[in-house]
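You will see two complexes here that share chain A, one where it goes with chain B and one where it goes with chain C.
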Partner chain A sequence: MNVTTEERSGVKVAALEGALGVAAALELRDLLDGLLEGPGAKVLLDLGAVTLIDSSGVGILVTAHRLADSRGAAFALAAAPGPVGRVFELTRTDKLLRIYATVEDGLAALAA
Partner chain B sequence: MPRTERGAEERWRQVLSVLARESGYERRLDALLDLVAELGGLPSGHLYLLDEGGRRFHLQRSRLPAGTHGVQAGGGLEGGAGSVTPAPPLELPRTPADEGERTVDTPAGRLRSLPLALDGELLGLLQLGPVDNDLPRHARHALEPLRFPLALALQRARDEHALRQQLDAALARIDVSRRLEGSALDLDRFVDLLLELALRSTRTEAGFVATVDPNGGPLALRSHRGLTDGVAEQLDLSPETGLFDWSPAAEGGALVLRDFETASRLGFRSLLAVPLLDGDVPLGVFALVNFGESGTFDEDSLELLETYAEQIKLMLRNARLFESFAEEYLATVKSLARSLDARRALTRGHHERMAAVAEALARELGLPGDEVEAIRTAALIHDVGLAGVVEAEAYIADIAHPTIGAGLVAHLPLHPFVAEAIAAHHEWFDGWGFPHGLKGEEIPLGGRVLGAAELLVELGTGDAVRGPMPLDGIAAELDVRSGSQLDPRVAAAAARALPRLPLYPIHEKETA
Partner chain C sequence: MAGPATEALSLASRVEEIDGARRWVTERIRAAGFGDDDVWALELALTEALANVIHHAYGGDPGQRIELELRVGEERAEVTIRDYGAPFDPHAYEPEPLDTPRSGGYGVHLIREVLDEVAAEPGAGGGTQLRLTKYRSPGSPPPRS
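On to the complex of A and B.
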């Protein structure tokens, strides 16, 4: 998994690339734990270059979503490729997570 | 006809000839790439197809210079012996620049990337090389008329590919139906088969199905394939601390992996688990596991996964409904048997006494608990086939009642002993019984036990003329009938158990 982070309009945007499977889960957990530090943190994950996600990847995203709620932070996902979006549907996490079609949509929602 | 149109027509003819000659998605694309290489004089050609979401290009087929084979960044080999050429990337993110022609530097060298579009819709990319900066003039001249037919062929091939995927899914469903014919009531076999087919069609290494007990209780492993017993035993599925974080009643039934450390320790490389819900009612979890790099859970695999998850869900739901129906149905049959007994004083309580005696005989024979229980159930309903007997046809009904009674419960999810025992409870060990005249070991053991129990209960009950036979008389009858009416082993067990058998409850109560 490769990560590129940047700050845009007060939102930490992390672009993930590669597979979000069991091997990447702990790295992803540490990354999100750091990004979501501090009340009012706004984090948007750009999933556009994610090639695979499984239940462990989804598990980390759901945990991050709960962590953000408990810390008063905002957490959202954007640009999930077709198969990644299907995994959210199959695991019924699509209703739980904040998912935007594009990074711009996600930025607009979080920056507001 | 102008020369350029003749050239285009000739290219069309060549493309159509290739498509007509080759069958199958990959072979057609290979043949088209060969044609491109031949006409353009460029040895390397790579064909990418844009995914349905329009976000990424996926490498469909690749043509490398003759006598070479490609090596992916991960080290996998393509092709046979020969010199090594770096293979092109398997995927490319789509960028605005892909709409136009451009030169790109790739692990496979400097290539010219040509968009393939139809009606303004980008379908894929054709990357050719090696080039310096642009296509050589002769190559451009030869290839330009090929772009439209190539795009058309790519679209056609893509549609065929999608159709084939749908066909595969449909065939898989038919295969499921065909293979499950005759086992509709065997849930575990059904789930096993679905799991096997799901793994095969999604090219996944392992998987498991866990179900929730309808009366409450935690998730429990029901079926697994590709997991060693050690791994299966270590799967903790408890709701509080187990592998999955799943509260079906909360968060819309969302299911995620909780215990990454255990998944990693068990060697899971990727694991995709989907919840099986009937509305809001949790039925179980269906999970696919890969230990190596092979698992991709791509769009096609996900569609198949969903298909199988749906089948397993339906089966679990139907099994629950059927089990509930079967319990109620069996209770009705038992009531019917009791009401038959109630018609005459001498038969009152007959089925209950038969159940107690048959159970005691089965225990005396040392049968396992499930067989003892099955024989008891059979005894409780063994004469139910006599229901609705018309006096004028009493003889025929009497002969047929074991078969009719067995038929009433044969399709219920009960131990096979139940229907077998009912069907054979009037067979004689020497072949003189009915309805089939079975002999010796041909008679199912349950039938032999029930036959002996029936004799004992009838002798103990007596009839309108003779009263209940005393125990010593019954012991003598057992001795006489051993080997003729009765299985000697069962007769011996009955003789041993005789003092403890509840043969006279009605008379004792009535005379008390």
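On to the complex of A and C.
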């Protein structure tokens, strides 16, 4: 998993690349824990270059969503490729996670 | 007509080995003309199944072996995963309902959802032999030889 982070309109945007699988689980968890530090943190994950997500990756995103709630932070996902979105649907986590079609849509929602 | 091509791979019971095993399978089923949806389904199921073997059958012990056998034919691709750890039968395992999103436990559910067949049987001498089958989807014919 490769990560590129930047700040746009007060939102931390992290572009992930590669597989969000069990081998990258600890790295992803630590990344999100750090990005979500501090009340009012706004974090958007750009999933556009993610090739695969498995149940451990989904579980970490669910944990991050709850962590954001408990810290008063905002956490959203954007640009999930079809197979990634399908895993969210199959696990029904699409009902919980904030998922936007594009990074621009996610930025607009979080920056508001 | 030639029968299914069969190849084998042995890997250690470490999560760091999963990406390599997935690439090994992906290269071969793509070369056999399987389309994106079929490749994705087998990649996801293989990833979940290997994680289950490492975490549950072997309890996280990184010093054990996992044997993969891949059979690719015109109609289907099959991956057989052989471990020598604690027995596991995915059919006897009932995942928790998905009504409440949670931070884990989706693996067996995903394997069942994306594959056409999942079969597990006890391995001779212990462990489990798990066979994951994906039939070739319409629109991704085998390459002409």
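Just so we're on the same page, the second predicted complex is superposed on the first by the 112 of 112 C-alpha atoms of A that agree within 3 Å, B and C clash if a C-alpha of one lies under 4 Å from a C-alpha of the other, contacts with A are read in each partner's own complex, and residues count from 1 in each chain.
Convention: a residue touches a chain if its C-beta (ideal position, glycine included) is under 8 Å from a C-beta of that chain, and two chains touch if they have at least 3 such contacts.
Remember, predicted model here, so these are calculated numbers, not experimental data.
Visitor: Following superposition onto chain A, is the placement of chain B relative to chain C best described as a clash or a fit?
Guide: Clash.
Visitor: Just checking: does A:A19 make contact with chain B only, chain C only, both, or neither of them? Give me first, second, both or neither.
Guide: So A:A19 meets both chain B and chain C here.
Visitor: Once the shared chain is lined up, is A:A49 touching chain B (first), chain C (second), both, or neither of them?
Guide: first
Visitor: If you stack the two complexes on chain A, which partner ends up touching A:T93: first (chain B), second (chain C), both, or neither?
Guide: A:T93 sits against chain B and chain C alike.
Visitor: With both complexes overlaid on chain A, does A:A109 touch chain B (first), chain C (second), both or neither?
Guide: A:A109: touches no partner chain.
Visitor: A:V3 in the overlay: touching chain B, chain C, both, or neither? Say first, second, both or neither.
Guide: Neither partner.
Visitor: When the two structures are laid over each other on chain A, which of chain B and chain C touches more residues of chain A?
Guide: B
Visitor: Check chain A for residues that touch chain B in one structure and chain C in the other, and list them.
Guide: Touching chain B and chain C on chain A: residues 19, 21-23, 25, 52, 54-56, 58-60, 62-63, 83, 87, 90-93, 95-96.
Visitor: If we count contacts the way the header does, which residues on chain B are in touch with chain A in the complex?
Guide: 51-53, 55-56, 91, 93, 244-245, 251-258, 260, 263-264, 268-275, 277, 287, 295-299, 302, 305-306, 309
Visitor: Given the complex with chain B, which residues does chain A contribute to the contact?
Guide: For this pair, the touching residues of chain A are 19, 21-23, 25-26, 29, 48-49, 51-56, 58-60, 62-63, 79, 81-83, 86-87, 90-93, 95-96.
Visitor: Residue numbers of chain A touching chain C in their complex, please.
Guide: Residues in contact with chain C: 19, 21-23, 25, 52, 54-56, 58-60, 62-63, 66, 83, 87, 90-93, 95-97.
Visitor: Which part of chain C faces chain A closely enough to touch in the complex?
Guide: So the residues of chain C in touch with chain A come to 15-16, 18-19, 22, 36, 40, 43-44, 47-48, 51, 54, 98-99, 101-107, 109-110, 113-114.
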